[in-house]
Amino acid sequence: MPTKQELLNNPIQHIDIKQHNVVALVDAMQQMAYSSRDLARAASIYERMLRDQECGVILCLAGSLISAGLKQIFIDLIRNHMVDAIVSTGANIVDQDFFEALGFKHWIADDLLKQGTEDATLRELMIDRIYDTLIDEEELRICDETTEKIANSLDPRPHSSREFIKAMGAYLEKEGKIPAKGGVDSMVYAAYQNDVPIFVPAFSDCSAGFGLVAHQHARQDKPKVSIDSAKDFYELTQLKIANPTTGLLMIGGGVPKNFAQDIVVAADVLGMDAPMHKYAVQITVADVRDGALSSSTLKEASSWGKVDTTYEQMVYSEATMALPLVTGYAYHKQAHAARQ
Amino acid sequence: MPTKQELLNNPIQHIDIKQHNVVALVDAMQQMAYSSRDLARAASIYERMLRDQECGVILCLAGSLISAGLKQIFIDLIRNHMVDAIVSTGANIVDQDFFEALGFKHWIADDLLKQGTEDATLRELMIDRIYDTLIDEEELRICDETTEKIANSLDPRPHSSREFIKAMGAYLEKEGKIPAKGGVDSMVYAAYQNDVPIFVPAFSDCSAGFGLVAHQHARQDKPKVSIDSAKDFYELTQLKIANPTTGLLMIGGGVPKNFAQDIVVAADVLGMDAPMHKYAVQITVADVRDGALSSSTLKEASSWGKVDTTYEQMVYSEATMALPLVTGYAYHKQAHAARQ
Amino acid sequence: MPTKQELLNNPIQHIDIKQHNVVALVDAMQQMAYSSRDLARAASIYERMLRDQECGVILCLAGSLISAGLKQIFIDLIRNHMVDAIVSTGANIVDQDFFEALGFKHWIADDLLKQGTEDATLRELMIDRIYDTLIDEEELRICDETTEKIANSLDPRPHSSREFIKAMGAYLEKEGKIPAKGGVDSMVYAAYQNDVPIFVPAFSDCSAGFGLVAHQHARQDKPKVSIDSAKDFYELTQLKIANPTTGLLMIGGGVPKNFAQDIVVAADVLGMDAPMHKYAVQITVADVRDGALSSSTLKEASSWGKVDTTYEQMVYSEATMALPLVTGYAYHKQAHAARQ
Amino acid sequence: MPTKQELLNNPIQHIDIKQHNVVALVDAMQQMAYSSRDLARAASIYERMLRDQECGVILCLAGSLISAGLKQIFIDLIRNHMVDAIVSTGANIVDQDFFEALGFKHWIADDLLKQGTEDATLRELMIDRIYDTLIDEEELRICDETTEKIANSLDPRPHSSREFIKAMGAYLEKEGKIPAKGGVDSMVYAAYQNDVPIFVPAFSDCSAGFGLVAHQHARQDKPKVSIDSAKDFYELTQLKIANPTTGLLMIGGGVPKNFAQDIVVAADVLGMDAPMHKYAVQITVADVRDGALSSSTLKEASSWGKVDTTYEQMVYSEATMALPLVTGYAYHKQAHAARQ
């Protein structure tokens, strides 16, 4: 049996789109077919939504993206005003981004491990596996505990996930776990600094859930922190009302995709006349034939009155391949130059 | 342009597994290959978990399953003690099951519509599309409003989604929207009658979200109903602690799959020694190579200490094809005979 | 290391659709959504093409279907006049069907083997793996050699694959490897008896290829058997011309799908006015977004003038699950009652 | 109804990897996860096989790759000694590459067309569709006729597809349809000039099939050209025997993948001791769970004794996205510098 150290020795490194000018490459793809052409069109729609200074860009994240080496992209989007709000699954924000901010890493698994035949060994070593990537479970437990500590420090009342995640940003600053103090950079901190709200509609479904369960368990009948996902929905809807022109950059599907699309309807329910999302891009490998939300086309979303169809594009690709090209394209074309 | 009536005239009808004895068919698949063999093994694992009278069966639902004609299966599972708790997306429970309980229907779309080229027409007619199925958006708005009414009737405090959904069951009973009063049967009502808890971890991400936003908007600074998903997690974890032997029957992946798996870890966080889920079956078309939770193997889950690997099986199939066979098999083998 | 006997002890058994009346089940799927509805429609189109007594039914096979337990279905289709011509990959016809006719079997692999981590062991044991199924390589070599023997016995001239496969049927009869003599039944023999032509457009790409290479190598500059795939194409086109109304039942895609579709154009090239295929059904898991032939829609084929769009249906499903339902439906509705 | 000119006005343009230095980008992907990491490993294996001067590189092509804008890549591989033999489907070589050499183009389809709802219009206009790309069917008929002309010019005996394709190269030269005479460049011509053999094991399954059927029809009982795919197999096997160290670069799967893998066994059948393919890379979106050849892992191929597992990598990606990166990486690292 290998040791933990032997297995956890080759860290995931986050790609830096600032280093790779892919403009000519993506432009060439525009005249090809299939996914490459779709990707080029998606990149140019993202460019277009950034050049539209009215447009509030909502980034939607599902899947294990941070552990896969995409963290720096999201940080760069935040710091360069290329995104105005984020809706994500909990894993990306807490178990992965905040986890790395605490000083921990994700590790490249040896190719054989992803077949699953060694999972019993991993179990014994307290190593968790995400397909081809490994995590030290003991470090993850520290992350859980940290979220409990943060919960304990908050007012015992319903919070939106956005409020809680903001508190996580404040915690990182307070603890010096930030670049200026020698720490590693994180989405949570960059968003905190730049006032970019992060919403996690299923917030208990991640490391923070463990912290919150521990918190609520300890409080018993005393007042306690709760996470109100209706409040999240209300807050994001108000952003839409305040800033009617919006565009979606969606990686994967799931709850974040639906949540962000639904705010158009929610505004309507509140009696406000909010237009459909004007721009929409989604990168996914989900198959349309399962009828699920992740794979549902943006055209389908237009039947619900959620997404306009003039500027929408789905890209059928695993995200680690497509996202560096889509975002790198917009970045190197300086599409964000005039924002903020 | 067709009229709404012309497009909404062929209703989805829910398959009744009680009418189809598939035991011999599924047994034959056991000696074949690929998905059919996997399906047969999944069916026999589901049979096995039902025969294990200690075993609490947790049903996990993602995707648009009720609109697809699978509702009666879930009702039958509840009424025949073939499921002890349910974790679902909101769409299945509120927009689809509760929606039908209110007297509305889902409609079969003409084959051409699923290409998306007629979505602008659907928009004009206030018809929403789920791939090859249609919904009257005006009826869906009534469903939203009903959830607002229910929210208004509740104590202004944090509720688990389970509590809210129970109130929805009570509402159906009170309003006579139940079989005994000539209404149609529903999961929400069957679960209410049979004390089967239903959890929806991202509860605002569905029709109920609209109702809750309206409720919170109306209350302004007054005390209001909130939905505490940490409470859901805590409650489900306590079920696990009270009833340590558990099995998962998962349709699709998403938040419900992760949420149900995580309670093993949550029990541990609370200092209780809960065993991994002993049995696990998942039906999905998600592709393992995207590294996301939906597609992650049950072997991978064992590296996290969540699922035991002795009795686990994934079936790669769209659910409308596989689920009638898996559940029909267990039903006609009377695997549940001795339960409760 | 396990022994060969230990690994090869649980044989694949072929499903017998005659034992499973799935008519009510498939009829129920007609009112559901997604793949089940598509499957029900495909089954009723297959029923319809059989009831059309003018219609010549062409069965197209790709993938490893015989090794997967579907052999008896194809035999039953042949013996019940539910198919008039077959276009297949070589693997199905030679490596798998003829191989079993020679007295060999396919074996169920232990679940772990399909991860590929034990392939070095299999190599050492001379066991070949097809995903979750095993083959004794030494037996396969006997199959190769038998095709060489058959090649040696033929006129040294260009043959269509159809002629060669007919000679394989004659060989089985001569050797007594047929049910009447205690042998196992096979497609090759059933087709031989019933005069159903079998075409394999890429005939050297299978066990027969090894036999033919050995044959040609031995002959050196002497006259030798060659396989003329243009002749196959010409023969199948002539069938189309003689019998203009045609329907396609396609399992998987690949060369057989394209080959059978192309005969409409070939007839046109020969100056004959052959109509498009009137009926077409395809079962596949190929994804349309790769732009390849296997996944291309039957609507797309209509742009090429190959397939009429009134009665066409693709079913997105792995074949071992869908095919027993599609063919069993037509069989138990006695759609073939009036044929021949 | 639009006119043909209106629909066919935006040509596919072939990507030129020589213009895009992707080395740093691909190197960054090496430390990420999922498909990007697989892609980076595949690129480095391709680099490694080129640096191995003993290694004969066999390029395998399935899917519609030329029509998708990948032609120039293959031409560059040929002209830079980055490939030593090619096995392909007929469509790529005849209907697409040779077709373009004759002076014709592929056209970008408007996004709506790929939904298939306009295929009847395309039919009327004699426009053929490949997913999101269009072809003038009248031009394709000229391509068919040209292959007939070439068939007519050949010795009336069995030919390997390699011989026929070489004659196509000679035809292009004779007709001046080559860059030096103002024509466009093509794989067929580049391979002709550089003595790179091209094999198409199912040669009648493409435009050439129409030409050959017409040829054979006209010849009636007179001696005629036939295409002997056994000869192809024999010839490729002899290449393997002459040059034992081999590597495979496979785009898509299908017949070419199997054909090229099988030569290891064929050499063995001829009594020669040929080693397994030492290197193997495949780019595909095929799903392993269908048990078919396209999706079968390279580990599985090792159980058949066809592919060594030390340097093998599958990349799950649509080819237009992955191939420019894999080949561009090797090209810009000058991996081929010392070849020939």
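By letter and in written order, the chains are A, B, C and D; residue numbering begins at 1 in each of them.
Going forward, a contact is a pair of C-beta atoms (placed from the backbone, for glycine too) under 8 Å apart; a residue touches a chain by one contact, two chains touch by 3 or more.
Everything numeric in this text was worked out from a predicted model, so none of it was measured.
*Asks:* Matching A-D on over half of contact pairs, by residue number: which of A-B, C-D or B-C?
*Replies:* Among A-B, C-D or B-C, the interface that shares over half of its contact pairs with A-D is B-C.
*Asks:* Could you put a whole-Å number on the gap between the CA centroids of subunit C and subunit D?
*Replies:* One centre to the other, that is 25 Å.
*Asks:* Could you grab the centroid distance between subunit A and subunit C? Build each centroid from C-alpha atoms only and quote it in angstrom.
*Replies:* Chain centroid spacing, subunit A to subunit C, equals 46 Å.
*Asks:* Note the residues in subunit A that touch 2 or more other chains, in rising order.
*Replies:* Expected reply: 33-35, 64, 67-68, 116-117, 130-133, 287, 289-291, 316, 318-319.
*Asks:* Select the category (line, ring, star, complete, other) that matches the graph of chains linked by touching.
*Replies:* complete
*Asks:* Considering the complex alone, what residue numbers of subunit B touch subunit C?
*Replies:* 10-16, 19-20, 22, 24-25, 28-29, 31-37, 39, 64, 67-70, 108, 130-133, 316-322, 324
*Asks:* Could you list, by residue number, the parts of subunit C that touch subunit D in their complex?
*Replies:* 62-64, 67-68, 89, 91, 116-117, 119-120, 122-123, 127-133, 137, 144, 158, 201-205, 209-210, 212-217, 225-234, 237, 252, 254-255, 258-259, 262, 265-266, 269-270, 285-294, 296-297, 299-300, 302-305, 309, 318-319
*Asks:* Contact residues on subunit D for subunit B in the complex?
*Replies:* Of all residues in subunit D, those touching subunit B are 33-35, 112, 115-117, 287, 289-291, 316.
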